[in-house]
Amino acid sequence: MEAIVFFVCAAAVIIGALGVIAGRNPVHSALFLLLTLVSIAVLYLQQHAALVAAIQIVVYASAIVVLFLFVITLLGVDKEEARDDAHPVQRVAAVVLGVLVLTGILVLVHGNRWVTGSRSARGGLGPAESGNVQTLAKSLFTDFVWAFEMTAVLLVIAVVGSVVLARRSGHRAEVTAAEPAAGERTPA
Amino acid sequence: MPSLLAELTPVASTSSKLGYPLLTFLVFLPAIGAFVAMIVPARRPELTRAVGYVTSMATFGMALFLLTQFDTNPLKPGYQLLEDHSWIGALGVRWTLGVDGISLFMVALSALLFPIALLASAHISKPKSFTIWMLLLESAMIGVFLALDAVVFFIFFEFVLVPMYFLIAGWGHDNRRYAAMKFFLFTMAGSAFLFAGILSVAFMRQHSTHVLTFDVRTLTDWGAAHIHGGTAKVLFLAFAVGFAVKVPLFPLHTWLPDAHTDAPTAGSVVLAGAMLKIGAYGFLRFAIPFFPQAAVDLAPLLLVLAVVGITYGAIVAAMQPNLKRIIAYSSVAHLGFVVLGVFALTNQGISGGLFTMLSHGLTTGALFLLVGMLYDRRHTYELSDFRGIWKAAPVFGGLFVAATFASIGLPGFSGFVGEFLSLLGAFLTSRWYVVVASTGVILAAVYLLWAVQRAFTGEPDDANRATPDIGGREIVTVLPLLGLSLFLGFYPKPVLDRLQPSVEALIHHVEQNSNYKAPTVPTSGPVAAPGTGK
Amino acid sequence: MSARNLLDLAWVIPALPALGAVVLLVFGKRIGERAGWLATALMTLSFVASVIAFFALRSLSPDARSNVSQGFTWIQAGTFRADFRFLVDPLSSTMTLFVTGVGSLIHLYAIGYMHGDARFSRFFAYLNLFAASMLVLVLGSSFLLTFLGWEGVGLCSYLLISFWFERNSAAVAGKKAFITNRVGDFGFMIAMFLIFQKLGTLDYSALGSAAKLPQPAVTAIALLLFLGAMGKSAQLPLHIWLPDAMEGPTPVSALIHAATMVTAGVFLLVRAHVFFDVSNHAGTVVAWVGAITALFAATVALVQNDIKRVLAYSTISQLGYMFLAVGVGAYSAAIFHMVTHAFFKALLFLGAGAVIHGMHDEQDMRRMGGLRKYMPITAGTFIFGWLAIAGIFPFAGFWSKDEILAKAWFSHDYALWVVGVSGALITAFYMTRQVWLVFYGPERWRDDAALVQGIGDAHEGDEALAGAHGGGVPHESPWTMYLPLVALAALSLFGGFIDLPFTNAKLNVLDRWLDLPESHLASSFGLGLLLSTVAVAVGVIGIYLGVRLYRDGLRRDGTDPGVERLGGFAGVLQNAYYLDLGLARLVSGPVTAFARFLSDGVDRAGIDGAVNGIAAGARAGGGTLRRIQTGLVRNYALGIALGTVLLLLYVATRMTF
Amino acid sequence: MIGADITPIAHAPVDWYAVAPEIALFAAAIVIVILRSVVRHDPKVHEASMLIAIGGVAASAVFTGIQWAFVHSNGPYQALSGLVAVDGFAVFVKSVILGATLLALLLSGGYLRREHLESPEYFALMLCSATGMMLMASANDLVTIFLSLEILSIALYVLAAFDRRRLSSQEAGLKYFLLGSFSSAVFLYGIALVYGATGTTNLSGIARFLAKVVLLHDGVLFVGFALLLVGLGFKVAAAPFHMWTPDVYQGAPTPVTAFMAAATKAAAFAALLRIFVGAFRLYEVDWRPAVFGLAVLSLLVGSIAAVVQTDVKRMLAYQSISHAGYVLIGVQAATDKGTSAALFYVCAYAVMATGAFAIVMLVARRGDDRHALTDYRGLASARPVLAGLLTLFLLAQAGVPLTGGFVAKLSVFSAAIDVGQYWLALVGMLAAVIGAFVYLRIVLAMYAPPDDETALADPRIAVDAGTGVALTIAAGAVVFLGVVPGIMLDFAHAATQLLAR
Amino acid sequence: MIALAYPDHITATYYLVLAAILFTIGAVGLLVRKNTLVMFMCIELMLNAANLTFVSFANALNDISGQVIVFFTLVVAAAEVAVGLAIIIAIFRRRQSVSADDVDLLKG
């Protein structure tokens, strides 16, 4: 049973991933991404990470992907783009390197001896049946409380940053003036 | 955390018999002058110049005082007027100054050349920055010769480049940018090896003794005793490359002609007069004492390069159409004699080498000054443009010919004493090198006299007929150099006597720490008592 | 004041002219033409001093006739030490005597000769400086001090030859002289190094111990010294500079290039005779070089037309005789000939100078003739010199040359003697030719037109100085000029008597005075007499031939009968066997080419090229990196990926499988 | 039903004091943001927020000082369940970061006004980024390192793209963003693998684990630290992960460039040192060669690529790559000497780089686009003081004695030679020669006569107070570090000794 | 080695290999696509791969921290998305393009 679920989801994950990079229309890529994220969520469930799985769905699958789709449509780039690449070499090299990286990783961590670390360094997963919300929360608010607080900075930056960037430039007039001088000046 | 105060308070009391740190003053006086010049407003050039003259003259006076303070007792070969303060504690760098026979006259020479160079460039453009750079350069030059801490030495060694670079790039001639850049990078590349060498020795010692110091004396004793074989050879070569560029030794010499040709007169004077000596000095102060055995083993290599430099430099000089290039290449040849003498590792050789360093500073300095005066009048260095100048400007012609013969090494001028001694000394250890090198004596006459004949003789052409002869100020700049050269040619004793103890000590050191034995000559008493018959 | 105390004052002898030199160099402009008198006065004082020194020395017992004056240490480094002291012994005293003596006369002469020259005072400054250096050379107590003087005279010779440096030929000649001498100095220096290595000092006082040295060392030293001497004394093949040196003013030629400096080489070898005594072969080499030079130069002199060049080559030839003497070990003979030669050759040069002066700077003998009427004193004195050099009894030349030839014979190397004698014959001949062309025969200077053709201008330079010739009738010189002539004429006549070859009669004064180790050659009075007669006969024959050939000067068309007789060979002689030419070709050809290759090929292209090559390499590298930097994000990401892969590959090598 | 066995989570007491400096900075940022939102369009806000920012830096500096005093007396310790290390090392790096931030702030005020970009958010973001760097300096857990890395990076993405009117600025932002997130994804994966291999993300924990256990299967660990090296290599701009550097440095607003060069490097190197010299010390034989390679590549690439550049800002960017190489020399020595050398170098580079970029900023003038070498011709005659200062900073970067640059190089070379890395030292010195060529080209340009006299006159270079102060500080620091480096060297040494393990 | 036969029990290795594959695909995608939005998605893929790895290790080591870290990663991802998309939009405003190949003012 477990195996079936795994292989199905794994297939979905990989198909989704390939779809993301193969899709010619960004919208399709986004949807394939959604597929991947959801299947990963399932895989989380399989590994006693119920809460994580839930959040994966809530935050990733919904929020982030929606945001992507929103931007895509906003910018109106939801159209087929030419598959031909101005730099074919890049593509080949990319694939080659990808294969190399993968084989590298797989060879280096040969077979089933991945997990060498000390067990339960920061406490076990807790009771599987009731989900491990509590243990997780405990760890989050004790061991990782500082990291948790650090995320506050991240969010502030995200807010302020996107506000700054999204704001239309206040000096349109001189933009056009400064444009050729400031903008298009290509370094020698 | 140690305070700034702690950094600068003396740790070892200065063993100077004077109550005050004379050497430190000597190093910093010009720098102070430079600072003063900095704050003098640029629209008062005469003030700036005054500052320049006063400071450099004061420094020279101080150097003379140093000469008087120097203890000539032959039984005390060591360093004198020592000063020793902690500087960069974390890296074991200390502010250690001292003077011995080897450095004494290099300091004096530098101190002498700067006022002259400044006087010679009285009409230079942008006098303010010029004076500032010159004075900074003087500080660095004197520091190089007085430093007894390898890193401090290197700091000055490297810092010398900066003012010189700006002097060439700022006041040079047509091709100054290329020349300045070449000069800077060439030397810097060489000093990279030197730096690596210095650090290596210091840390090797630290690993065995767990004490980190760059004190030359300590490193000398330790290095000579504990670094052997291939390591010593490699390190010696590292030092050698660094110094060979400065000397410059064939084939690392090509920066010199360019630098000289495009440098302003003052720059050339200082460059040839004092800066080139740093290389040879470095050999005597670091490379040889640190690795005596390696020096002995690799001496043939250096000797070959020296001999090649002598002959090759002379031949190439003969072919130059540009008077300043000729003199530049003649420097290559002269410094060849220096290195030949130094690596003869005999008393006469090393003394001769040092003496040649001194006299080359005087004679070549004079030549560059004279060529500079010519340039002020004719704005060219091309031999073909000077036809008949001798007749048009007899005083100039006479002085130039005098300087020429001084540079050729005519007996009676200091050049002869130096070259003769270094050749003599080298002859005792490496006869055939000297036989070849002595042809340089012929070649020197060939290229210099040929140049004089091509350049100055004959009936003056229209361009030169009206050339004004040199004036009082210019004569005043040249005469001291030539006069001193003449004096030392007839009475070199004061210099040689002060060199002897240090030279003897160095040779003794080498003999102690290597399989080398200085050659001996039969001692059939130098001279019979006056009056005794044959 | 004892003799030794007097001798300790020997430094005065060179000091006087040195003082003159300094004064004149500094205040020359202000002094003006009085400079000549000052210089001459100092020179004469120096002569007086030498005379005093001579008598002081003579007052000492023969075996103690050597005094090294007090001095100061000149150069000292380690065991090497050279002092600044003067050695007065018979040899040096003799040298000082004739250097100062002849020197003063020539100074006096020069006052008249240089009258009106732009750099009059400068000229006398140089002359005095020369005299000083020459005296240091002879009085030096060690090789090094001699070398000091040696180079000093070289310098003065340079300055005086190119005294009229406006004339290019003069400038070139001066340079050539110095450089050629330098070649000799090379030998001298190496010799000194060897001597120091072997003896531990350069003092003459230590030469005694040279006898113990191994044969190779001694020979090497001897030959190296000889190399030095060859340069100074213009022996083959380093003679090339002397003929050109005639570019200098005539008094210079007389003083430096005839009487004194050029004989310094001989002096040096005599000074260092011990090496030649010990060495087995050095002597032979010296003798043969001298003999060949003597003959060679004499033959070249046969066809010269420049009055001074004839004398120049004759000087070379006479020097050859001196070296021949040294070579066979006849040191005193060499010195003897040196002295007499100084007398008559100076006389001849000054005479020639007088002629040139009188002819308004005409130097080509083909434009002279019959001058005896116009300048009788000059002619008369010149004839004295001619007879002396021809070796006619009882003139000075006879005695000295005869002694040399005799010594050559007794050295049992008869070939030397033959060469010497034939040289003597030729000498007599070309001197006769000169006398006849100048003082007898038709007055060719009157009708230039007749000999325009055929006589190429062998002396453009002179025109520059003199302007076209033809300044009217030749005239006798002022007394300042002919007084020295008379004096020297007298010396040429009686000078020989200072060393008559009658040992038993103790008439060989100089010989005994110098007291040099005589080469132990069996000599018999009878044979000696025979040889002398032969020598005189040879001289007479030479004169006879000369007179016969040049009785009435040149042919009408200006051709030289002698040249005509010689036919094709004349060309060879006129070009001095093409030695000079060949050398010039060599230098201007391959040597220059090689040097150019070094400076352009090796230095510029090779070494500097490599340096700039490194820079270019860096630039190229930068260019490449620049091309990689495409500005495309994906390429950069690719770079990162590449780096990652490389790192993974690396760790793959580290991990344990 | 489930709720029955809920026990309240007693979260650990937070050792605020351990993180006071960061909090001070962040607080300042928050204040600015609030201020911004309450007072809308008041030009005063700009100056005010700048002052607030400086105040925040000052406060943070005070707390850092207190930390130093404490650590100095009581020794280093770990706070917040091992996520944060309070030790001398952190204090040193924090001081450098604060210094660099201060200088960057001083430069920014005038710059923003000149470019009409006044906006408090800028300072807020810069403070946030600085906070991230501070956190990174003291982070003792891969998680905190990752978070702080993201904090500083994301803020910098925005800052790089801050000049909305210059395409180049936005382009810089985009490139930095894409590549940055790419590298941090790699970094994160590396953390994951290390976590799997050691079972913890706490650096001390990792060290302890590796000391205790001999891994028979170290593949995961190795891949892990390889990927960590990629992520950090990217941040310190070490070749071959350097390619973003020239573009971003050139495109970003110049004060931001200075900030990135000075502060980011410091923080990233702090992490690098903590992770490798600290946690992976036992495996130094394995990672040192890798760092060696990075060092050599960075030295050569940085200096050689700069040779052919004609844009000064870009030259300096490339040179920053080779400077990273010098620091890596110190890192790969993997000794205390090496660590303190690296720290000193980072400190010296901070002032040299900021100073140089400050002049570049001034010369660029309105529009921030006059960066070509030709724009510098005649600077010496027009503005001797500025030219002199730039000369000083450039020579310092070239490693000329009596400047901080020399002592910095001296110390890293010492570290290398101390562990027998003669050739690495030699490569470094020769790279310095090439670097010197680059710097001297700029110097020559300044002392060359101008092409047209008006070039520098219009618009004329205006030096505002903030920049003036910044330049003075930087110049003083460069000389101070060169003439009496003892103090800073001892500080670095002590900091290395007081490293929480 | 991964048993090619039908496994009775799914070990952590399976998940981890899957994560590795996912990571690689993401990386390759970033390299091959020129649409900045898609490139960004690829980065999300890579982050997810890392997350999956964390969770799997957490499960295998029975250690909670692995799962906690995922939270932080999510926050980071969110922040990145916010800022990243803002930048992309800003650029789009100026160039009307989301192609990464169009932004190459800065090069050389």
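Just so it is clear, A, B, C, D and E label the chains in written order, and each chain counts residues from 1 on its own.
By definition in this document, a contact is a pair of C-beta atoms (placed from the backbone, for glycine too) under 8 Å apart; a residue touches a chain by one contact, two chains touch by 3 or more.
Model, not experiment: these values are computed from the prediction.
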Both-way neighbours, i.e. chains that touch chain D and touch chain C: A, B, E
Where chain A and chain D overlap in contact partners, by chain label: C, E
Required steps from chain A to chain B (each step between touching chains, minimum): 2
Pair exhibiting more inter-chain C-beta contacts, C-E or B-D: B-D
Centroid-based (C-alpha) most distant chain relative to chain D: C
Most remote chain, CA-based centroid, reference being chain E: C
Length of the line joining the C-alpha centres of chain D and chain E, rounded to whole Å: 27
Mean-CA-position distance for chain C and chain B (Å): 38
Separation of mean Cα positions, chain E and chain B [Å, integer]: 66
Whole-Å gap between the CA centroids of chain A and chain C: 100
Chain C residues counted as touching two or more neighbouring chains: 626, 629, 631-635, 637-638, 641-642, 644, 648, 651, 655
Touching two or more other chains - residues of chain B: none
Of all residues in chain A, the ones touching two or more other chains: 87, 90, 93-94, 97-98, 101, 104-105, 108-110, 114-115, 117-122, 143-144, 147, 151, 154, 157-158, 161, 165, 183-184, 187-188
Listing of all chain pairs that touch each other, if any do: A-C, A-D, A-E, B-C, B-D, C-D, C-E, D-E
Interfacial residue positions of chain A with respect to chain D in the complex: 104-105, 108-110, 113-122, 130, 134, 137-138, 141-147, 149-151, 153-154, 156-158, 160-161, 163-165, 167, 169, 171, 174-175, 178-179, 181-185, 187-188
Residue ranges of chain B touching chain C (in the complex, touch as defined): 182, 186, 251, 253-255, 312, 315-316, 318-320, 346-348, 351-352, 388, 390-391, 401, 405, 410-412, 416-417, 420-421, 423-425, 427-428, 431, 434-435, 438-439, 441-442, 445-446, 449-450, 452-453, 456-459, 490-493, 496-497, 499-500, 503-504, 520-528, 530-534
Chain E - residues contacting chain A, complex: 1-2, 6-18, 20-29, 31-35, 37-38, 40-42, 44-45, 48, 51-52, 55-65, 67-68, 70-72, 74-79, 81-83, 85-90, 92-94, 98-99, 101, 105-108
Residue ranges of chain D in contact with chain E within the complex: 143, 146-147, 150, 154, 157-158, 161, 164, 167-168, 170-175, 177-178, 181-182, 184-186, 188-189, 191-193, 195-196, 199-201, 246-248, 250-251, 309, 314
Chain D-facing residues of chain E, complex: 16, 19, 23, 26-27, 30, 36, 39-40, 43, 46-47, 49-50, 53-54, 56-57, 60-61, 63, 65-66, 69, 72-73, 76, 79-80, 83-84, 86-88, 90-91, 94-95, 100, 103-108
